[in-house]
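A, B, C, D, E and F are the chain letters, set down in written order, and residue numbers restart from 1 in every chain.
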Amino acid sequence: MDGWAIETSGLTKSFVGFVAVNNVNLRVRKGSIFALIGPNGAGKTTVFNLLTKFLPPTSGRIMINGQDVSALKPHAIARLGVSRSFQISSVFPQLTVHENVRVALQRKNRDDFNFWQTDRCLSVLDERVEELLAAVGLGDYARHQASDLPYGRKRALEIATTLALDPSILLLDEPMAGLGSEDIKGVSALIRSVAQGRTVVMVEHNLRVVAELCDWVAVLQRGQLLTEGSYADVSANPAVIEAYMGNSHA
Amino acid sequence: MLSEILIIVIRGIAIGSIFATIAMSFNIVHGATNIFNFAQGNMFILGGFAAYFLANGAGIGMWAMMLIVAGLAIAALVSFQGYITLLPLRSSVEQDSWLISTVSVSVIVGAILMITQGPFAYSVQSIAPSFRIFGTRTPGAYGLAIFAMIFWYVALRLFLKHTYSGLAISALSQDFDAARAAGLPVRRLQLLAFAISGLMVGSVGFLVAPVISVSPDAGLKYVLNGFVAAVVGGIGSNIGTLIGGPLVGVVAMLTAYKVGGAYQDVASLLVLVSILVFRPQGIFGRVTARRV
Amino acid sequence: MTAASNTYPNAQQGETAKKARFNSDLTQVKIGLVLILLTGIGPVLAGNEYWIHTFQLVNIYIAASIFQNFLFIDAGQKSFGQGAILGLSAYGTAILFGLHGVPFVLAALGGIAAAALGGLLFALPALRVQGFHLGFVTMSAAIVFPQLLVTLDRWTNGINGISVRIPALMTPIAFGISPLALLVTIFPMLALIVHYLIRRSRLGRNMFVSSLSPEAARSLGIKPGLMRFAAFLIAAIGTGICGVLYLPVVAFVSPQGFNIELSFVFFFAVVVGGRGQMLGPIIGVAIIYVLPNVLLAQFVEYRLLMYGCLTMGAVMLFPDGIVGSIERLRSKKNHGGTGERAFRIDGFLAQLAGTGTAKEPTEEIAVEVRNGTKRFGAVVAVDGVNLKVRKGEIHGLIGANGSGKTSLLNVLTGLSRLNDGSFYINGVDTTDYPADKIANMQLGRTFQAPRIFSQMSLWDNLRLGLDARNGKGSDAIDALARAMETEFGHDRADLLSHGQRRLVEVMRTVLKESTIVLFDEPAAGLSKSERNNFADLVRFLSRQLGKTVILVEHDLDLVWGIADRITVLDQGRVVSSGNPEAVAKDAAVQHMFVGARHA
Amino acid sequence: MAMAPLETKIAAANGSVRQRQLIIILLVAVALSAAPFLIYPMFLINVLCFALFACAFNLVMGYSGLLSFGHAAFFGSAAYISGYCAKTMGLPAELAILVATSCSVVLGLIFGWVAIRKQGIYFGMITLAMAQVVYFIAVQAPFTGGEDGLQGVPRKALVSAMAPMSDRQSYFFVLAFFLIGFCIIYRIVHSPFGHILRSIKENETRAASLGYDVDRIKLIAFTLSATLSGMAGAVKAIGFQLATLTDVEFFMSGEVVLMVLVGGLATMTGPVLGAAIIIAMQYYLSEFGIWVKALHGMIFIVCVMAFRRGIVGEIGAYLSRRRGASD
Amino acid sequence: MMSIFSMPADVFLGQLLLGLINGSFYAILSLGLAVIFGLLQIINFTHGAQYMMGAFVAWMLLHYFGIGYWPALILSPIIVGSLGVLLERTMFRKLYNLDHIYGFLLTYGVALVVESAFRAQYGVSGQPYRPPNALSGIIDLDFMVLPIYRLWVVAASIVVCAATWIVIEKTKLGAYLRAATEKPVLLRAFGVNVPRMIMITYGFGVGLAALAGVLAAPIYQVSAIMGGNIMPVIFAVVVIGGMGSIGGAILTGFGLGILEAFAKLLYPPAASTVIFIAMIIILTVRPAGLFGRTR
Amino acid sequence: MLEVRNIVAGYGTIPVLRDVSLKANAGEILLIGGENGAGKSTLLGTIAGFNKPDQGEILLDGKPIGGMAPEVVARSGLRLVLDGHRVFPELSVYDNLRLGAAAGGRQVFKRALEEIYDVFPVLKEKHRLYARDLSGGQQQMLALGQAFIAQPKVLLCDEPSMGLAQALLPPILSFLRRWAETGTAVIIVEQHLAVTSSYADQAMIIERGTVKFSCPASELEARLGAAASVG
């Protein structure tokens, strides 16, 4: 578990009129849990979008597992083992919970374009689907439509779907947003357990969770990297405190 | 004189082949479901109507395609009828409701044909050229009828002895509950049996349309003669029908020739009654030991 | 008639007992009579010629359907040809009266005779075959009949038909009611009553049993063939009278009037109305015939289609017919369903206790088989068996499966014939006797699979034994019968457990007062305590009532416990025979049953 | 344990559901074979062709969420090509259909390649614009017969040994193609690919983040749909003996949208029903002339405003609601 | 005589002018479409029908009420625009939360109804509409004859387009509009009545279409099918210009008009397809359109 | 494996079974005894789908199977061997076995076939013969073999001794024993408790449609004795 899972150098993204991400250099160690924090509008989600190539960077380079991915498209990034969950819980609403996870598993079946076989050949995946759903506590909801799930469960479903890809790098965009304190505990445990042998990068506002979970914390402010280090170091940094005071109490 | 007898025998055998095929279609359904489909004759006539409406004067290719269409359509109709017939058997104690429902289906089909086509007999051009046998011109459809009988006999035999579904259908006829306990998809097999029987009568009706009178009320005649053939051969015995059918056919032709056409059915009835009275298991039927 | 069978259970009795009546036949008959009266007299009082004519025909059809109902359910004969029977009679009368000027009454008798003849013709194949075979035969007869009428124009006037006028029947006698109107009103009512009475009678029960289980019937001494003949004859005569009445009502006969459609009307009416229900045919004709032909007369083209669809609909939605469905609801609502639990051996034993006197087996031979051989194809089921059973003894017949026990039993009861050898009952050579004749020699048997008729009440099921009794029975049995009648008169037989069903069979032989009783594996499937009770019963039958018992049984403990003598069969041969101790010591027998006697 | 009753029902119903499906299939088979004897066969041929067209179109609109407004291009061009092959070149009908269908594959690939990267309405506009090119080509090209179109296309097929087919016979000929097409569509929808397609329709970015090459998958779906639409058009030219400008007009594109919308988006049978309704309207209301088109417009409005699931969709929703209520 | 592209200059210039005129209509129509799309995210398929209605209203005003061209130039857009507002209020409003496809389909349905109603009433053949006296007549440049009315159309459309562009891109109202497309909720929080703004915008867009209709009436004949025929072209223009780009719509409109004219010169059969082919080429090179922004 | 919870079932409206619960574990034989008419066969029939339970649940591997058709139940891994060695008499022994494998692949069938031939060599010997030509005991073996071929998770066996000479019972029971030990749950309904109980793990007595008691099979004799002395 040596080396860097993600490296960016001079990552910049400018929209018309403003620069969302400005010359950010991040390095995420393989196997660590890495948190990206910062006040609202600091550009955290943009960084995620850049990492997964949902947005093309204006300039700068991104290396994933040592490979330059600047030319790749989003789905190719996903195939490199980078998997991402979305800020707003993102499931396939009209599919059942079971199907949601199965769609993710299907990819490894190499039948993206298999339109001539019946879907019964997908039943080989059922066992794994049930395992994953059980792992996130959705075992009883397999036949429900995803849109019927309460918010917290949607998150769990999303994580199950993400895990189905067996990613090496997991990008979690505010995994705790909208969760009650009970759920937060559960999801924290879940993240810790899935982080075994994986690299996790998360954006999170709940600093307690960050303190508890993360090995390394990077602070973004107005598109720039303010500071990074362990949570203890970072939280002691006056610049960070100031940045947060200005916003988090708004 | 000799040629007259030859004509009678050849035509009798050919007409009897039709009866034999209908009898075989009885057998397969009866084996799988214990049902004797009284509507089978009307399904046969539907095949004839299909020939009239779809393939009258058509080329061989289209004729063949329409044969398949007619066969499949009638197979679907018969298996749907089978489904309806089987429905009440699941719940009611009365297990011979099929007798009533198949008779009523027969009445319904006949009535619909009568209402839509009127009480007329339609004639259909033959696709097969007539041929000479012993110096006698014989319509080609007679040859087709004999061919169909042999074809269906062989096909059924292969199916019932060598395919899984065929074996399963035989199993159904032997012990229904055991078949269910063994997980055989009973209802589907029964419907399959119905479908096969429909395919048989539909295709044969289509084939022989040129030599029968395609009219709404002809169905009853064929269901009865088919039944006589089945009884003569022994119900459940397909090989028996190969003899029984032609036998009945020859008797019917002979009667028509010697006594008069109106007595054809009477002759069949007499054959039926005498067989039933003297040898109810049929000529080839085996007395099966039953549990007492 | 014995004292016991004189006391028919009637409706009043059923009502006083708390149980719901087993069926509502009597009520239905009453309603039916009222309805027929209405359709018969109503239109006359209303004075509409069209309605009078129509409903006279309706009443005739009702009568014909009632006989169809009787034939179809009570006698179990599937006839699709009743229309032809009606036609035979109508044509017969018309030919005699209309063409040859024979007086009407004589002509009518001739017509009825023709119908009866036709019925007997139907019965001919029915001697050998049942069910759909018969359906096909009768249906083809119904198809052939009009063809023949046309072809035989020398006698029938062919396609032109025969016109008939009988003014005497048409002139009103009182209130505008003509004799004809009276006749066509009274006859269906009579038909209904006759149907009811037959059903309540021994004849009716015998017909019913014959149709459902010919073997059981034969072993009870009933000739199923005779019953079928009788049924067809009764139905034919009844339908024949309908045909006679048809003539003055329609005043014209032609071949088209008697095509298969007519037969279908009767048959479908019974189905739609309710198979086996007294009221069924009346309601059925109302729906099948009156609805399309009278109320929806503008769609008369479609009437055949309507017949078919109505019947199909009835089979799908009301499999028991309209009346049948109502009846089913009624019995479902009222089922008491606890009475049959009291049906236990110990109860009967208690009841019978002390009625007999102690008896011992005599040396007289009741049953003897000499060198009996029975083959089924290549399989020799019974192979040169010699067997002697003494009067009053309990004789165990044991052996492995397929050793020929049941085959031997079937031979002894006449259900199958020996290929070689002979057997004697009470010294009479009965080798070639038919089953019913043997049964009437006071021989009774039970079957491995009990013959229980769920359409009959439990008492009626038992009563079959009483019906089969030859001569007058003992007082003790009569008393038992009376007790059973009050106890089980309205209980359902289909709720009995397997063991109880066996018991019904056993009790039948008791009521039959057979002197020789053959039990075919009676204890199979009985519990230990039931088995003990059964052993007591057998002992009682033998030691107190002096009956000869032949017991085919697997349960060696039971056999060894009660049998006086035991015969061991193996592969159709007698291996050993003698008293239990001797047989047990037989080396061959020990070898066969080694290790099996600790159950 | 909240699931238990539902699962029980599903499991218990499984056997009977399959049986019910079987029965429905049987019934449909009976109805299809009886239809030409009860209804005017040419009308049925028309319905079948448009039903296939609508089903094929549903593949993109219902199952992939792509609104193509240019599907008439495939339908119409294939109609012309197969008509031309059969009439001028004297090819047997099957071969003509095959040729025309193959051309549709190519055309579908071209359309898809240009348009697929655009989403939603853009996609619709681009396909519409491209279909217009095909239309103008059809207007001007020498072999299309201009305003008259190709008339009297012979109905000579290999199966009929090149003898002309009667109306009823052609009905069964067309029926065979319809069934083949329908089965292909059924297979596509119920395949692993079909599942991915659905997930893309539901949430495209999520599907991409799961590693699916969304554009490629949509392109394949679009091409498949174009192919089958082409087959429908080709069969129509044979069965109806006619290929005209109306087949390529952009009204035709709108009409097929309407069929799918009326019947029910993303349902198997909806488009068939929709096609039958719309064609029946054209047939039986033809005396009202242009007002039929206005009526179409109104149906469009009603469907969009109040009836978005279509007939089959609404029935399905009603049934599942009732099932839900009874739980 | 000069020759350009090996053809006489007068022919060339004549075609250029013809292209400009067509381009003017393209520009105004696609401008309206772009404005509506910008705010409502609906592709207004009814646009063609509204264009046709604009022409018809002008014709009806003249025919039934004797109201001439100049008042019609004002009245017709107002009338048609208010009808558009009505449409928006009663129907579109309910669809904003749904997939945009539904809005598209709805407008298509409305267009079908309107066009077939007009067709049923007036048939397909055109109704003549004379230009006002002030604008009738021609200017004879020495290399070609120029109808004054056509000149007026070009000028008017340039003015209208420019004005619209200025309003949207350079004024506070325009800023609001643009903001409303981006973050309608936020704008609402600022106290702006967004629904009303949407309504007015739609009315304005429709009014533009109707204005184009009035302008077109004297040149082309007033017929029920004039809208339906032009719609695919307008779509192509909008797509090429880049969705939502106001300036793009205007420039592309004129540009394509000219392109079409040249095509007619060089290879007449391609005239009707050249725009679409251009679209295909441009989209392959620049998937977002000429002036479109990537997201 | 198989769990039956409080089922009520019967014919028509009269319940034969009242509130019967049982549990059959993988690898064990459960012996069900009781008087005739107590409802044993009804119980098996209900589990196998021949009757519909009016109330209660039947769970196979945790999935409910109550109310399904018998063939569906059989396909989901539960086999009922009917009483009276019911096989298909007019089919060959081999075809009988073949039909047993209603579900499952060819490989599974071949393996199971060899196993069953191993256990009952007589079946291999006579595999071409019609089943009707077998003796009663051989037919019972065939019936068991038919069920074995399907490799069910749960096997229900209704009176394997019925109609057999008692000497034939032990080999059949020991076969069931070995079968159970491969991880199948076996339920045997039997009258001959004494012979059978030594092969069983659990035992249960049904009386008048309710469970009288259940206990380990080894204690059965004692419990029966106790019940007899009390009652």
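Of note:
Methods note: contacts are C-beta pairs under 8 Å (C-beta built on N, C-alpha and C of every residue); 3 or more make two chains touch, one makes a residue touch a chain.
The model shown is predicted, which means the values in this text are computed figures rather than measured ones.
Chains that touch both subunit C and subunit F are the following: B.
Path length between subunit C and subunit E in the touching-chain graph (shortest route): 3. Rounded to whole angstrom, the centroid-to-centroid distance between subunit B and subunit D, based on C-alpha atoms, equals 40 Å.
For the pair subunit E and subunit F, the distance between C-alpha centroids works out to 81 Å.
Between subunit D and subunit E, the centres computed from C-alpha atoms are 33 Å apart.
Of all residues in subunit B, those touching 2 or more other chains are 187, listed in ascending order.
Residue positions 69, 71 of subunit F each touch two or more of the other chains.
By the touch criterion given at the top, residues 19, 22-23, 26-27, 29-30, 32-34, 37, 157-163, 165-166, 168-169, 172-173 of subunit D touch subunit B in their complex. Across the complex, subunit D is touched by residues 53-55, 58-62, 64-66, 69-70, 72-74, 76-77, 79-80, 83, 116, 187-188, 191 of subunit B.
Subunit C makes touch with subunit B in their complex at residues 78, 80, 124-125, 127-129, 131-133, 135-137, 139-141, 143-144, 147-148, 150-151, 215, 260, 264, 267-268, 271, 275, 301-302, 304-305, 307-309, 311-312, 315-316, 319-320, 376, 406, 410, 415, 447-449, 454. Residue ranges on subunit A touching subunit D, taken from their complex, read 52, 54, 73-76, 78-79, 83-84, 86, 90-95, 99-100, 102-104, 106-107, 109, 111-119, 121-122, 140-143, 161, 165. Considering their complex, residues 164, 167-168, 170-171, 173-175, 177-187 of subunit B touch subunit F.
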